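Quick one: this structure, given as structure tokens, is what I'll be asking you about.
Per-chain numbering from 1; labels A, B and C assigned in written order.
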Amino acid sequence: MSSDMSNSSHKPDDGSEPKNGPPSNQPKFWNDPKKRSLLFQVILLAALGFVFYTIIDNTLTNLEQRGITTGFDFLTREAGFGIAMSLIDYTEASSYGMTFIVGLLNTILIAVMGIIAATILGFILGVARLSDNWLIAKFSALYIEVFRNIPLLLQIFFWYYAVLRTLPHPRQSIEFFGSFINNRGFIFPAPVPEDGFGVVLFGLLAAIIVSWLIARWANKRQELTGQQFPVYLTALGLIVGVPLLLFLLSGMPLGLDHPELKGFNFKGGITVIPELIALWLALSIYTAAFIAETVRAGILAVSHGQTEAATALGMSKAKTLRFIVIPQALRVVIPPLTSQYLNLTKNSSLATAIGYPDLVNVFAGTTLNQTGQAIEVIAMTMAVYLTLSLLTSLFMNWYNARIQLSER
Amino acid sequence: MKYELQPALPPPSSMIGVVGWLRKHLFNGPINSIATIVVGYFLISLLVPTVQWIFIDSDWVGDSRDACTSGGACWVFIANRLDQFLYGFYPEAEHWRVQLAFIILIGSIIWLVLPQTPKKGLVAALLLVVYPIIAFFLLYGNAFGLVQVETHLWGGLSLTLVLAVVGIVASLPLGIVLALGRQSEMPIVRSVCVTFIEIWRGVPLITVLFMASVMLPLFFPEGMSFDKLLRALIGITLFQSAYMAEVIRGGLQAIPRGQYEAADALGLGYWQKMILIIMPQALKLMIPGIVNTFIALFKDTSLVLIIGLFDVLAIGQAANQDPKWIGYSTESYLFVALLFWVFCFSMSRYSQHLEKKLHTGHGNRA
Amino acid sequence: MKKTLTSAAVLMVAMTGTAMAGTLETVKERGAVQCGVTSGVPGFSVPDDKGNWKGLDVDMCRAVAAAVLGDATKVKFIPLNAKERFTALVSGEIDLLSRVTTWTQTRDTQLGINFAGVNYYDGQGFLVKKELGLKSVKELDGATVCVQSGTTTELNMADYFRTHSISYTPVVFDTNDQAAQAFDSGRCDSFTTDLSQAAGLRTRMQDPSSVGALPEVISKEPLGPVVRQGDDTWFNIVKWSHNAMLNAEELRLTSANVDKMKAESTDPNVKRLLGLDGPKGQGLDLADDWAYQIVKQVGNYGEAYERNVGKDSPLGLDRGLNALWNQGGLQYAPPMR
């Protein structure tokens, strides 16, 4: 009944009635897919709107009734607590907003470290999994099956509680090359640039630019004449040689800040806290198992004919791998690799379980507790991960598109 | 003149048998030989002490730490707390309820997995619709003369399984709706679904659990409060449904266009087309993917310890803090790792097996 | 499938209480007090082998249950971590938060909660290994300190070290247990927490005798039961349950002698407390013998103290600040008349 009414109410707007002949032929309102989908979408929107309205209304009422403070004013208030590790200058007098940045930077640090290590380890294992050598292939398979089937959190706990905790106290540190390992972490001398070190950095920069120019020139020349140029060797020579030469010429303007045991702990140098080491080990080892599988699938996806053709052309095994297999495998590998990187970044939030001061530990942990403003804090934290995810997938999409374009 | 082929000579003895195998697989060329020796040495120096520690030098029986004298692993610790690892703080007299619930579950799963059993559809339907109700009353009680067991007493492996099973079962319908929505031609429906999926996939589970534990209560009107376990389940389900939606979308996309068009040509409506034609084919293709998400979820359930639920890993952590058993944390981590590994490894093997089986059926289509 | 979930949800929701308009009515209807406690701090709230909760904070919950329902066993204990405790209270998941919670201005005024009293006057101290031979917190310069996150402890430490220009590295853990364990295994040089909790956690360490507390107490930590803001009846019930325990101790009423005293005593104060005379339970909407039930089933404050944290318990703490006002302490309850 009601749809009949709405149908008739639509008639005047429709204006199509005269052309369509007798009204009995006109499809029923609910049989017209366009109108139906419109109606459906309107209902969906209304329902969503209602849900959101209820949630927001409930939340606001709840907050107001119980006299809970809201808003982002707390970000400028003094935090008043210390953080074990910070990449920027942070003291107890800094604001809650600063704790957010400190946590964010620590999250980015562990994510980048993890991605680099997991990629290297994962590629080695993935290639090893396909090795002719039975022992190496089986070893790689064993690694993959063991580590990807155990929860990451458990692995983090294992490295932190069962392995790193067994290290000696600072006084009995294991020492090598001026570095120390103990249960407060890994402490190594910090490089301190002195006057004239800028020249070395400048040399490095210049070498990189020149290498890039040479690579472009060599590429062009090869396309025109077919002549090859040892680009990699030249670049390596330039990038290592030039700064080294300048470094020696300017009288080695780089001091070392050696760590020294003073009182309870080592002073000076750079300390990598055990929480970071445990998290890094666990994240890299766990994610590497997944990356290895991705790489293996990518290599297997390159058809055998390609390898055979390369052999027929007389390419060596290494050259086949470098010029034929890997470029084609990469195309298959990149998309799943992206999601592994994203997973690693998200998984780094497990830091909170062992007290590595990442975003979730510092901001969604201590700051949330101290201010009690759960909604603002959780929303900001989630927004960060969402943004990181979106940025990574944007970058990877761009990279993917570039790689796909090179197909001819 | 007749030329006759001489019978072929047997291959040289160095190419067959054990020696041949060794030469071919371990020592073909100098680099490979060195690699074999290095890896072999590494493995032996790693595995021998480990095996010795776990099996040979270990203690298995006893009831206090005094029984652990041989210097190897102290499995007495695990044996003494086995009940806690399996049932958490669930009252001992009621353990049969947990056992019964899981026997039914495992029984019906075996029924579904075995290839020759009849009436799979019916069993699956019962498992998805009727079983959750039975399991709920069995575990929670407070009805049919069963004593009520508060959810904060649930724990150990049984809680891990409850979280994983409920998470996967509850996220399936939501995932199907989201996947269909994502493929819909209605722009608003599509964008709503895409937004939902991308948001949940973009954030770590732990923030979702935080949200469920500290924010969710504020979203509901006064006086309506949820059980802590239920809040965690809501968080896990929402999170998981986004991943499920992507698996289902993959399954839907694997169905050839012709199937959709044929259904349209027959004059079937959208829902008829989906329920009668597409879903039955797609669901079969999705099973490996669903099993894989289940494995991921199963491992992820360990995160609930951060919001204070006692899953099997949290029980292990708590056991490590018992002053009577300090110093045996390696044992408890290894035990929990073994539990997880056995579940995940067997499931991943099953999913690989399924993938192969399904692959042959559809292999030549492309 | 969805239906099952929703029906389960409805069931669970229904079972965790409905109206918040009157906590008292909800509690009576439900037949149990839902009490938020720690997941295990010896002496304050900790489950024993059989899952029975024990501790000073637990006794606070039991006293309220005895007063309201006449049965101290009708308490449902809900273990909470530091992060979720206030939301759990504010959202109505629990009726009473009795979880070694420090009374501060921010918490009292900005989080929608009210502190109903102080059942333990505590202060923050530092535990160190005795072998280091430290005499004062001021010698901790450069030390690594283990601490639980999201507590007043963390802030107090930062303030104290800042004002005394002592450099330190904090290592922050989600639970006090983890922090204590980390200290025990040598991750930190010192472990800081409320002294009462430190005493409890010390008993769980590998060698409790090798660990000692430094003399400084760097903060005031009044710990007490907390209720939601805006329900004065319930607020009064919790406040006076605590006061009744203190007054009972002052009047030397114990769980052992309360029946005899009820029958024989002529002391008007005793008679008023036991509901034979005076205000009884009217203003609180409780039965007249509410305070009698507390003393009978839970005991007076001194009994609860000695049982859980006092000299004869594993914690072995002196009464100190927690002695009654007339014995040199701070525990002072308004008169019941």
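Basically, a contact is a pair of C-beta atoms (placed from the backbone, for glycine too) under 8 Å apart; a residue touches a chain by one contact, two chains touch by 3 or more.
Remember, predicted model here, so these are calculated numbers, not experimental data.
*Asks:* Between A-B and B-C, which chain pair is linked by more C-beta pairs in contact?
*Replies:* Greater number of contacting C-beta pairs: A-B.
*Asks:* Farthest chain from subunit A, comparing Cα centres?
*Replies:* C
*Asks:* With chain centres taken as the means of their Cα atoms, state the distance from subunit A to subunit C in Å.
*Replies:* 43
*Asks:* Centroid from C-alpha atoms only, then distance subunit A to subunit B, rounded to Å. What do you get?
*Replies:* So the centre of subunit A lies 25 Å away from the centre of subunit B.
*Asks:* Calculate how many whole Å lie between the centre of subunit B and the centre of subunit C, each centre taken as the average of the chain's C-alpha atoms.
*Replies:* Spacing between the chain centres: roughly 40 Å.
*Asks:* Spell out, as numbers or ranges, the residues of subunit C touching 2 or more other chains.
*Replies:* 83, 87, 90-91, 174 - these are the residues of subunit C that touch more than one other chain.
*Asks:* At least two partner chains per residue is the criterion; list those residues in subunit B.
*Replies:* Within subunit B, the residues that touch at least two other chains are 210, 214-215, 218, 220, 222, 306, 320.
*Asks:* Out of subunit A, which residues touch more than one other chain, so two or more?
*Replies:* Residues 62-63, 65, 352-353, 368, 374 of subunit A each touch two or more of the other chains.
*Asks:* Along subunit A, where are the residues that touch subunit C in the complex?
*Replies:* Residue list for subunit A touching subunit C: 62-63, 65-69, 80-84, 91-93, 165, 169, 183-184, 262-265, 267, 273-275, 352-353, 355, 357, 361, 365-366, 368-370, 372, 374.
*Asks:* How about subunit B: which of its residues touch subunit C in the complex?
*Replies:* 89, 91, 128-129, 132-133, 136, 140, 142, 150-153, 166, 169-170, 172-174, 210, 213-215, 217-218, 220, 222-228, 230, 237, 306-308, 320-321, 323, 326-327
*Asks:* Can you check the complex and tell me which residues of subunit C touch subunit B?
*Replies:* 1-2, 4-5, 7-9, 11-13, 15-21, 26, 39, 47, 51, 76-81, 83-84, 87-88, 90-93, 174, 177, 181, 184, 203-206
*Asks:* Under the stated contact criterion, what part of subunit B meets subunit A in this complex?
*Replies:* The touching residues are 25-26, 28, 32, 35-36, 39-40, 43, 185-189, 192, 199, 201-207, 210-211, 214-215, 218-222, 295, 299-300, 302-303, 305-306, 313, 317, 320, 329-330, 333, 336-337, 340-341, 344-345, 348.
*Asks:* Can you list the subunit A residues touching subunit B in their complex?
*Replies:* 37, 40-41, 44-45, 48, 55, 58-59, 61-63, 65, 132-136, 139, 145-146, 148-154, 157-158, 161-162, 342, 346-347, 349-350, 352-353, 360, 364, 368, 374-375, 378, 381-382, 385-386, 389-390
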